[in-house]
Every structure is written in structure tokens, then in C-alpha cells.
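Below you'll find a set of structures to go through.
Heads up, the next two complexes both have chain A, just with different partners, chain B and then chain C.
Take a look at the complex of A and B:
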């Protein structure tokens, strides 16, 4: 009987472990447009639409990394200054008055993107420009731009290869920087970009097969250019009309099933094989697992009395405070007895802020450097003189 | 070298043309040995420059510096979870038994039997309690010295158990000091075990009591070390532990605490923040100082509105208060407009928000349980402060200044939230003991995370041969490894404060080595790219050089053959 109950307990624990492992604690989104110039208006509109959606579903700006290489809202050719629209009806201004672009203009480079993913950034890079995800984070990576077979062009002169991306994700996985990752890409031959991925727990989807173009959806005649790409348009249509709140139960299977090749004009692809539990398990992940934000706020019950509850803690903290006050008083007494007239009683709590004044830059080895420089100049001139003397002799 | 047959006509040419015999195109005269020599030297000089100067420079400038790392050792540290190859973390806790009114032989016997019972009860070998007799003269009844003597050679005392005889007791009873690491056990004098018996109610009682005190810590450490679930852990406790680990902040060397006062109107515009922090938060920070460093920032933000999309509070007639629904609380903080998350330094920020609602919406509480505070996991805490409104001519208004006393409940709550966010366990009911537990838990977490970082770095080094590894990484790695092993030996000897200190160093260095800034190359170059880069540059230069070299070699071989033929 005891054995049986042990088994049952172990089984319950196992179930619990499974339930826990399927959970994530935070959501991050990395939204990247990679092209400049007015005629690529639609790529920025793609990204901004996605930005609006994930924000609507609750991911705060501090957990969205938005990379925009150009500023369409302030482009002189924009007939509607200060706005970006992703639809010819111009119902929703994507730029709005509440948008936080983290990397803009020429900051959007392959190097910065890889540094962002792997967090190999300078210490002084602000936290808003960092991907602070951890082993409990679900990360959404959306990229759009102009691409080709296994590459995506960044701005004008650079490109990111499929291998680069795969290695970056592998480094993220190694350092436990994501729990599950959804990679979405809308570009020509998009599905080639995720062929080299090899890290677990990635679901990848793209807009078009190899040798296929991804097309824009429609143009706005007043804006003068195409305003959104087809695949993104239909993904957004699904997200906006069906995933109406964070509590939506629709899953990724529903999203991917909604792809309609006759509308998209290319063959979108999905890659499941890296995901634990393959397609079956992956299809069950809800859309808001990646596009929404989990935030299980814990309200503290002021009346509960179990250990660790608010009331218990408050009592203990109060006692601690009391103890420290007593200690302070004793310390002050000791100080007073020692005839030190400085009153340290309050400085015990907080360390006095050390004054940070201007300091000289480090000068380690500056003399050594000068010596090396002198030596180099000396050797060079010696060679020159020797050469000219020898040359005169032979001439 | 060649004969001119151009259109320039020299007088000699015109005379020869007058010659009736047609001119025979004569072969060029043989080169002079001097010219051959010169050409050889020229070609040799070019090739010498290429081989001795060009090639080394190219090699040097395009090679990737990879400092050698102790890969095997690193893998060992990260290696097998069940059988640690490099270190098997153990947590022996020293518990002192103070028996002021007992014969020393009796005390010894009690100690032995209790230890025996304890060992029988324990099922997680890595975490065990060691009983020791305290010599009464030196018993200062642990004022919660949280790893104060980090360098000391003596093991930290986890707990002092004081045995006090008390008349008129049916069975033993115990009392835990809330502000010290001390457990008083009162027992009826007749229950001192007889020297012959191996079992007595008193020793069983003490053992069970201790087991209960450290049950949660044991389960937490087992959870962290991924040991299979302890059978004695109830599912409820396991759930609590994993929930706590999920909501607590990731470990950092430094945390920034940011206390913010937000109000939608113009009042209150000042608060006694310095006094309040000194009074309610500093003692806790002092107690937490072995675990992490803290910096404190404060701000006051007036006219702070909710996000336009956030649900508005509703008036509840029955409560006579404005209420927020529990599910709406996650939208309470207007992350877009409230200036939170300041980018200071490198550590994470823990935000504490004190929100004073405007008079027309006061009092504001949470609908479900009338609570006024909540925790946002891994982010911070919020407290709704409803101060007494003052009436003046213009109507009700908030006080202009919040005194220290009115801030008291809020800051006590913030302290509690800080404890929760740092993952302090909820039992036993004594703060010093809980802090000690969190020292051990942190040491285990850091040991594990630093060693798994080592493993990640090792496998990264092996799988990406094109990534550069600067010398600083090698230094950091060796620092990490040495601190990891010292952590391990400190743990083995029960010096948890020292173990945590070196685990912190190990963690910092491990992070630094993994996130080394220069370890991002433009990682991958396909071969076509290399051809595309080198061909336009090297093609035009390379062709004449290679052809010249080949011709010269041909000439030398031909010369040798001729010589041999002449000799034979």
C-alpha cells in the first residue's frame, strides 16, 4: 500500500513537472525590418502592424525590440506626414503617438542584430536595447525585407545568411535565452532562411518557397506605394479578427491552417521538426503564447496567515526594523562614549555615496607605447639612411 | 633584346634593303647570362616578398585568435546531472545543541540518538544536518551572522537549539526565535533519555522538529539540483517552490531598487522617502547584503494617467470603494508613458510603485479581496495608498506631503515584496533562518548556472570554429573554474557564506566570458564569398607571377638536362 502511494506521488510529481515545463514566464518580441527607402514603405508597415498587434495583446514596450532602418512617417514624400498606414482605408495610424523604436536608421545592421540576439553588447548599452529574455521566455522573431536563397539583405550593403541566423539561435539556446521561439519571415524565398536552424524548440514559418517571390498585397494610390505584403496581411487579418484578446484559445495550428495559397500567391512554409513533441505538440501552442504577454499578477491577500504571507512577513520585517534600531542606538552610545562627536547614527543605514569626480584616463604603459613608437621611427629612418648610402655606392 | 623591325628607317636599314638578297628573319640572339640572371633575381625577389612578407601578413591578419580553453574541465563541470564529475554539491548544516542544565554524558547521548533519528528521517543525502554540542561559554546564540566570517575556517552555525528543562510539562514543546537563529526546546526533566535506550521521545521530537524546519529548504535545493522529487514533498509544496522560482528575479550581482510615487493629480508632490527607506528598507538590505548589492533610486511623477486602453476602475456600492478587477491588474502600469525601467548600470531594476489615486477615485482597492498591493513577477510590486483626504474650499484633495508614518505600511509591503521577488522561502517563520536558507539556495543556483555556462561556452567553442576567443575569456574561464571548485569545497565544509561569495565571483566571471563582446565575428562566410573577394584582387597580380615562375622553373630544368647531356 505504501509502495502504491509512493508511486502515485511520484506520478503526480511527474505530471507536475510536465505541466511546469510547458509554461513560460515572460514574452519578448524582436521585430525587424531590414530595408530602407520610400519604395520599401510596406516593410516598415509590416513590422509596425505586428508591433501594434503584440502591444495590443499585452507585451510591454520594454519587452519589444523594434528595428526600423528608415523613418517613413517623416519621409518628405509622405503625403500624410507623421503617419504610417498598412491599409488603403487608412483607418489605423500605425505610428500613432505611442511608439518606441529601439534601433533606427543605420543602427539596423547584421552585427547589431546578432549582438542583440546573443547579448554580446557593450556594458553601457541601455536595457531598452537588450533582449533580456531567459530560460522561461517565449520569443517571437519577425523579419521582413528583401531576400534570396538563404540570405536576407540588411539595408544596402549587408546581408544575413541562414547559417548566421542558425548560429545565433544556437547561442541563445546554449545560454538558455529562450524557452520557445517562433520565427516568422516575410521575404522572397523566405523558407530558405530557416533551413539551417538546428536548435531545439523553434517553430519557424515563412512566406514563400525557394525561387518564389513574396508579393505585396495592395497599394495606396495617395501614399503612392504598396503598403503591406500579402503573407503579413493575411497573418494580421487572422490575428486582428480572431485573436481578439489575451484570453484567446486559438493555437498556432489554426494560424498556419489559415494560410490560403490562392490569396498569398506563394507557398508559405512551416517547420516543426525542431520543436519538442514535433508538430502535434507545436500545433497546440496558443497564438498568445507568442504574441501575447503572460503576467500572472499575484494579489496579496492581506488577511491570509500562512507562512510567507504578507501578514507574517510584515511582522518579521517589523521585528528586524526594531532590532536594527536598537543596534543603532547602541552604536550611537558607543560612539558618544568614545568622544567622537561625529554622529554616525544615521550613516549606518546607507553607505555615504562616494563622490565620483573626474578622473584621468588610464595611463598604463603610455611611456612604453612612446618608446615603442620612437624605436619604430628610429629603425625606419636607419633603414632609409642605410638604403640611400648603399644605393649611392652602387650607383 | 629583340631586334627592331619597326617602321623607323635607319640609314643602315635602307642600305641593307638595297641588298638584292631577301632578308632572312633571324632568330633573336641568345640572351646574355647577365640578363637571365637579372630576370631570375627579379622573379625570385617578387616571390620572396610574397612568401616571406605577403603570406605571413595575410595569415596573421585573417586568422582568428582562439585562446585555448580547458574544454574537458569545462564539460566536466556542466556534465552529468546525476553524477557530478567535478563536484558533488552537499549541504551539511551545523546545528549546535546547547544544554545548559544537562550532564555532559547525558547531552552526548542525547546528541547521538537525535543524530541517529535525524539520519533515519533524511532521504536527500546531499542536504543533511550535523548536530554538535555547543560549549556554553562561547554560545552567543547566533545573532544571525549571515556569512559574516567568510574567510573563517569554521563552518557556519545554522541554528542553535537550546534545551531548557521545564517542570509541569507533559511533552516537549519548542519555540522558534523570530529574530535570531535559535530554537528553544522545553522538555520535562524526566524525559532525558536513559543511557541504555536508543530511542526517546525527546530526541525523536527534536529530530522531527528540525526536519520540519528545513523541509522546504531541502525540497528547494533538490528541485534546483534536478534530483528526482523527494517522496516526502507534498505536491502542494512542490508547486509552491516552482511558482516561487518562476516569479523570482534572475540572479544579479546588483539590483536597482526604484521606488516611484505616481499620482494622477498634482498632490501629493513630496514624500518622506529618505526616512522611509532608512527606516523600513535598509535593515532588510543590510541583511541581504551577502546575497546581492542594492542601489536605491526614487522618483515622484505627477499627472500620471492610465494607459488609454487600460480598463478604468469601477465604483462598487457594496464596498463603498473604487475597485480594480484582478485580471485587469496586469494593465495597471502604463509601461509606455510612466518613466520606469531607467537604464542605470548593468543590473536589473526592481520597480516599486506607490500609487495615490485621485480624490474622486479614492479609496481604490482590488475587487476580489480588498487587497491594496500586488506583485508583478520578475518585475516589481505595486501598492495603492489611499491617504486621508483633506477638505478645503475647492473640495476634497490629497495631502500635499506624505509623512513617514503614512508611508509605513507601503514600505513594509515593499520589503515583503522584495523578499518574495528575491525568492526567499516562506518557512520557517524566522527571518534570519529564511535568509540563511536563501544563501544556501542562491549558492546552489549560482553553482549550477555558472557551471552550465561553462558547458555552453565549451560546446560553443567546439561547434563554431570561426568564432574568435580572446585571451580575456581564457582568464575568466580559469577564474570561474577555480572559484567553482572553492565554492564546492566551502559547501562541503559547511561554510555557506564563503561558498556564496565565491559562487558570486564564479557566476560573474562566467557571464563575462560567455558574453565577451568581441566574440561576434561576422560569423559565417560561404566559400563563394571568399572567391568573390580574392579573385578580382589576386587574379591580375597572380597570373603574371605564376607564369613567370613556371617559365623560370622550365628554363632551369632544361638547363640541368642540357648540362647532364653535355657531361655524359
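Take a look at the complex of A and C:
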């Protein structure tokens, strides 16, 4: 018996150690392009390139939410029907034969995006359109489109503001929908989009400072449009050439250090301050923590005390139950006291409330009101008559 | 200072006689100076592409190599037929140009049309023809359009682009290279699968009538003499006209953009053409026949004035002009000069332009529709130039309002003649009296003269062209006699009525100027240049008045004034301009009548129903001082 208890203690300690190292148990990616139309080909190519990368690093389609507002592959203007390329060498067809677009066309709206993040969706919305992340999930949110100071345009029709996004992430945190979140955005004045974030454990990075444009990298002379944006291009270059497998030990610090302003033509930004452990800690997160897929399993740990753990939840519930019981007792006391004092204070406690319901407008005092009305009309007409008589005299 | 202002305010002569004149003069001077400032860097802007979708010059144009052999083959085939039919090509074109008063025999004969049809059909396009006939000024214009459609292989056939190749260019030269290029491009475009819009290839017999007949029929707005179209596509988004009448390599592209009634295509289309020709293909782009534009102030002004002249006259400057009334943006690309560029370079330019238009998601609308270009990369927009014509038009309105107020005072002439001599109090008492305006005669005279304008309008658009010169001189005679006789009748009554009192002269002038100002300021928003030109020619009318004073001086002044005024009458201006440019009056008027009958040109209406009546009334007022 003693042996068994000691063994259990050791096991609990082990679990505790795992929990403290703050490992996540799943990876989710939300990849959003917000612009449609042929000349915005590059925004869809940006997203599709990233889609390809996260899939390569192991995140399954079921954990990727891909939002594409337009269908470039089938646009009649596409010289290469059925394909999307993000490079003029056209080596990799991003549209390929294994692609799962979860939100397409006019489904890509601000409302749908926020509903997706906060999981305020109808029950009948299929799993493919839901972000099924939990408190153990690392979430990558990548957005691209046309934006400005603290907004990002959705489809020429509406825009999402920096505060909208900040509040959506806060709700995600409150609903325990992420463990750590990496927010990436490639648009003009991108860095303004994450200025208002206030929820913990978010690392944010954007392509350009306020009042700066983000530029496209290069155009394909046969497709006839720009095929990728600069910042995304160089992020991808890092991911494709350096992060070759899920076992890569390169960390976010390496990724962000690879930004080269002379190549990107704008000043990319990084925000660490929301992250537990600030920059030192954040830099150590590996790239595959967000872009790859982990297979860690967390067994619920009875001793864990961090937010979101079972123990904390149980303690909270116990506290609530206690509170309610106390309230019930107090109420019972009051009732008991009322019973004893009924003889002289019943009217105080048990007086029936006055009936609330429709009442007749003219129920009481109708004659009085009529009289007042008549008097007012009389006085008015008297003034009018007097006025006209006097007026005639002086005239 | 306040005292001085108060004195001026209580001085009716200053308020109603001198101040309006000063204001009017100021408006005219500022209006003209404004226009002269526009070419400066501070007032004009560099052009830019507004529409994101256009992406000019981003695609590689592949129209080279073997396509050139196809071009040569087609050209030889067409040339053979043309030579067979008409031993001498010059003879045919000359036959077309000379207007013998008979039905014009257009050069496009059935065999050529058949050849064009077989080439289009071999390339896999749907082909159709359309016959049309127009009658204007006793001349019959007839011809047959042929056109073919490439249906966008993956598009939805709701939109289309038009490529036009007229057999005769706007200068009546044979456009064999242009037509051949269109045929080659049709074959080449057919093999691309990336069209989002249908492409229509239209081969018209000439640049004046063909496109008009076709576009009218396309929108079911054609007269009975024009056949309906058997084959149609979607809404037209843009049109390009190809003109390559040269037999050698060319140097630059001349972009013609003026439409009928001064309508212009969206500036984005022009900018795209300049950007593709200059930037991508390395071919220079010119406008308004300015071959050696050195970007100096003088050259910019000259370009602008040339553009304004075309806009003001409102005639069609090429086959593209007919598209404008239907809100289809169109330009003509003309090859000019001797240089290194061949038909393949022009073909690539058109290919790239078509790809840009193909990228459009909606009708061109981002950029300006009202602009004045002064260099291929510099323009002023309506907000900057409009005040100029508005000030000119405003000068008439100011004068008209001042005269109206002046006629309300009684006794008007005395207070004018004896100003300052009477005590201010007495004068005030007088001016506060409100005089009754005798409106009947001034109103009917002004309305009558404006209605009279319908007579020359009808005559010039309905008689045969050989009488035009005679009628012009008749109108010139009428311009001399009519004001004088009207003045005589009005001044003396001639037993018909009482002689006019000064108030009525003022009222006549007031109404006339009011109408003129109103019409011109309205016109300025539609056709700035026409409004500005008419406004400038009418400026003396603000200052025409019945002269007073001693007989000899008065007679001499008014006689001289009338002579000068006659120099600014519509027929004299017409004759003067024709003499200066060396074009015969008959040609101009035939063209004008053709414009009225076929293109729906409104310039004559403005001349005969706005300018002429206002001028006549100016003449009557000045003439009345003789009697």
C-alpha cells in the first residue's frame, strides 16, 4: 500500500513537470486572405503558400481553417487554368490536387471570421468550419489583404479593426481556446493591427509600420499579376529553406532575425510583451511550435494549479456550491423568522404586488381632463379673439 | 474708408452702371488668365493609373515571330484582291474623297468582304455583316461593316472589348496594314484561353460612318437605313481603333481620344495606352499632333488649345468617337513618322492593351472623364479648369442681374445723367421708388430672336451641300441688315408702336445676357471648350449698349462698333477660320451637317440658338444708337 502511494506520488510529480514546461497538445492554423479580384492574386497566393507550408510541417487539413474570398485558379483571366503559383518560376502549383478551402467567396466576412475565432457558431455548422482549439492548442493566425491604420479590409465591403481583433483574441483566451497564439499579418500598415492586443500569450508580427506600404515581391509576366508579397515571400523563404522538417530546432527568434528591411522594403514589427516570459521566453519557442504539428498528449493532472486545470475548475465549482448553500441557508433563516413574526409584519412581507397589466386610459378623472382641455381651448380662443379685435382697432 | 464705401453704396450710378462693368471685365480677364495658368506645373498634375485592375504592361506580349508570316500572308491576299478590283488604289481613295454629289462608291467590295469573312471563319470566329446607308447634305454614305466575335472560352459572355480597323483612316488613307493586323490578331487571340470578355473585331469601310452604324445597331438605336446586327455579345467595356496607313516602319503612336460633342474616354484608358506604348514597348506616344513636344509651357499650352478646339467643335476625330455617346471608352492608335517600329510592335501594344482591358472587373470609372491633356503624362481635371469658363459665363449673368436691378429704379435716366448734382437725400427718395418694368416687348423680342435661330439651324442641316457657301453669305447679309432694321423699328416705332424707352433697351439686354450666361454655364459642365470659345466670342456683348450723346460722334462710334461686332458674328468667324485654315466653307458645313445627322453633334444648336441670338441682340442695341 505504501509502495503504491509512493508510486502514485512519483507519477503525479512527473505529470506536474510536463505541465510546467507548458507544452501544447495540438496545433491549429487560421489562414485568411481578405481580398478578392484578379489583381489581388498575390494575397491568395500568400495564403496558399502558407497553407502548403503548415501542411508540409504536419498540421492536418482538419486543423487548418483556410479562408479564400476568390477563386484565382478558375478565374477566366488565369493563363494557367486550375493553378495558383506564388513564384514566377511556377515550380509549385499551390492549388494542387489536395486542398481544402473552408470558407470561400462571400463566406469570408468579418462576422464569420470573429465567429470562427470565438466559436460563436450554430450547432449545425460543420466541423470543417470550426476552430476546435482548446487551452492546449497553439494557434497560428495569418492574415493578408489590403489594410490601413488599424484596419484590414474584407472584400471591398467591410473591415475589421484592431480593437475587434484584440477583443476576439481576448474572448478566445477567456474561453480557453488557445495556449499560445502567433499572429502574423501582411498588409499595408500591418503593425497597427496588433497594437491593441491585451490578452496573454500572444506573439504578433506584421510586415510594415504605420504609414508604410507593404509591397509585392515580383510579378509573373505570363499570369500578368504580382504573385506574392515581399514580407510573406521572405518568411516563406526562411520556412522553406531552414525549417525543413518537424524536428527543426529553429526558433521564432531566428525567424524574426531573418527579416531584412532592405529586401522587404518596409519595417516589419514584432510584439513580445504579452507573452509570458516576454521576449527571452518567446524567442525560444520553436517555429514548429506554431507551424508544425505536435503529438503531445496531456493527461489531466490532479495537482496542476495553473488556469484551466481540472483542479482549479473543481476548486472554483466547490467555492460556488459553498456560496449557494450559504445563500440558501440565509434565505431559509429569513423565512423562518417571518413565520414567527407573521402576526404583525405579514403585511410587510406578503403584501401582494399591485397588479401590473393593461389599464384603461380613461378610467379615472376623464371628466376632469376634459374640463381642463375645454378651459385651455377657451382661453386660447379668447386670446385670439381679443388679439384680433385689438389689432383691428389699432389698424 | 468706411465712409467712402458708404458713399459708393449710396451711389446708384456706381452700383448699377459702373460696378457691373468692372466686375464683368474682371471675370473675363481672370477667366482667360486662369486658362493660361493651367499648363504650369503648379496647376496641372501628372497622370497616373487609378484603376488597380488594369495592371498595364505587366504581361509579356507574345505577338511576334511566326505571327509576322501570317500577317504577310493575309496582307498579300487582301492586296491581291484590292489590286484586281481597282487597278489603282489611289484612284479608289480619291474617288471616295471627292464628293461628287452622287452616292459614294466605297472601296470595300464584296470580294474583299468575302476574303475577310473567310479569314475570320478559318480562325474559328463567328462572322456577320451589316449594311447601312446615311443621307446628309445631299450626299449618300453607304457601306458594309464586317465583324467577328471571339467568345471568351471561360468567360460568361456578358462583356466585350471591340477592336476596330477601318479600311479608311480618319484622314481617308487606305488602312491595309491596320485591317491585316486586326485579322492576324483575331487568329492569334483566338488561341488564348485567358479572355474574360468577348473580343469583337470590327472592320468598317471608313472612319466616319461605319462604327456609328455598328454601335447604334448594337444598342438597337439605329435608324431605318441601317441594318440590325445579326450577332451580338455583352456590354462593351472599351474599344481600340487601329490605324496603320503607312507602307513603312513607324516611329511613334499618335493617340486620338476626342469624342463627339467633346466627350472624352476615361483618362485611365489613355494613361494605360501611354504607359504600355512608352513603358513596355518603348514606342513614344503623342497626342494632338504635337510631334516635337519638349514639355515647355508653350508646347503644353498649344497641346491644350488644340485639344480644346477639337472638343469645342465637337466633331468625331476618328472611328473611336462614335463609341463615346454610349459611354464606351475608346481611343484610336495611329502610327506616325518613320522609324523602327513595325506592325508586330503595334500588334504587341494592342495585345498588351487588350490584356489590361481584359483584367477590368467593371466599367472604367476610377479616373477622370473631364480633363484637358497637355502632354502625354500631364493633365488638369475639371475642378481646376472649370472656373475659367464659369467666370466667362458669369460675366454675362452679373451684367444681366445688374441691368434688371437698374431697370427697377425710377426715373432711371435722370439719376444717371445728373448723378452727384442733386442732394443725396433727394436722390435717395427717388431711388426708393420702384418703377414698373415694361416686359412684354423685350421678352417677346428676345424669345423671338432665339426662336429665329431655328431657321439657320434647319437650313444648314437640311439643304444640299452645294448651297452651303451661298447660304453662309446670305446669313452674313442678314447679320448686317437684321440688327439695323430691328433697331430702326424699335427706335422709331415706324407707326407700329411707340418708340422704346431706355428701360426697355436695358431689359432686352438683360434677358439676352441672362439666357446667354445660363446656357454657357450649363454648357461649361458638359463641353467646357465650346462654352469657353463661345463665351470668349461673346464678351463684347456684355458692353453693348445704346449710345447717347451728340449725333456725329454717336453715329461714328456706333457705325464703327457695328462693323467690329460684325467681325465677331457667327458667319464671319466661320469664314475667317476657313480662310485661315485653308478649308473650304462647304467642307466644314458638310461635315457639320453630317455630324448633326449621323453623329448627333450639338455644336450647331449652340451656335444658332445661343450665340447667334445673343449676337443679334447686341447688334440691335448698338444699331439703335444710330436712329
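Please note the rule applied: the second predicted complex is superposed on the first by the 274 of 395 C-alpha atoms of A that agree within 3 Å, B and C clash if a C-alpha of one lies under 4 Å from a C-alpha of the other, contacts with A are read in each partner's own complex, and residues count from 1 in each chain.
As a convention for this text, a residue touches a chain if its C-beta (ideal position, glycine included) is under 8 Å from a C-beta of that chain, and two chains touch if they have at least 3 such contacts.
Being a predicted model, the structure only gives us computed values, none of them experimental.
When the two structures are aligned on the shared chain, A:58 is found in touch with chain B, with no touch to chain C. In the overlay built on the shared chain, the residue A:313 is in contact with chain B alone; chain C does not reach it.
By the touch criterion defined above, A:281 lies against neither chain B nor chain C after alignment on the C-alpha atoms of chain A. Using the contact criterion defined above for the overlaid structures, shared-chain residue A:37 touches chain C, although it does not reach chain B. Of the two partner chains placed around the shared chain by superposition, neither chain B nor chain C is touched by A:330.
Of the two partner chains placed by the overlay, only chain B lies in contact with A:121; chain C stays clear of it. Interface residues of chain A facing chain B in the complex, by the touch rule stated above, are 6, 9-10, 12-14, 16-17, 20, 23, 25-26, 56, 58, 60-62, 98, 100, 110-111, 114-115, 118-123, 126-128, 132, 134, 136, 161, 163-164, 167-168, 170-171, 174-176, 293, 295-303, 306-310, 312-321, 323-324, 346, 349-350. Chain C meets chain A in the complex at residues 52-53, 55, 58-60, 152-155, 192-196, 355, 358-359, 361. Remark: chain B residues 178-179, 228-229, 231, 233, 235, 238-239, 242, 246-247, 250, 277-280, 282-284, 286-287, 296, 309, 326, 329-331, 335-337, 340-341, 343, 346, 348-349, 366, 368-379, 412-413, 415-417, 419-420, 425-431, 452-453, 456, 459-460, 463-464, 514-517, 519-520, 522-524, 526 touch chain A in the complex. Of all residues in chain A, only 37-39, 74-79, 81, 219, 221-222, 224-226 touch chain C in the complex they form.
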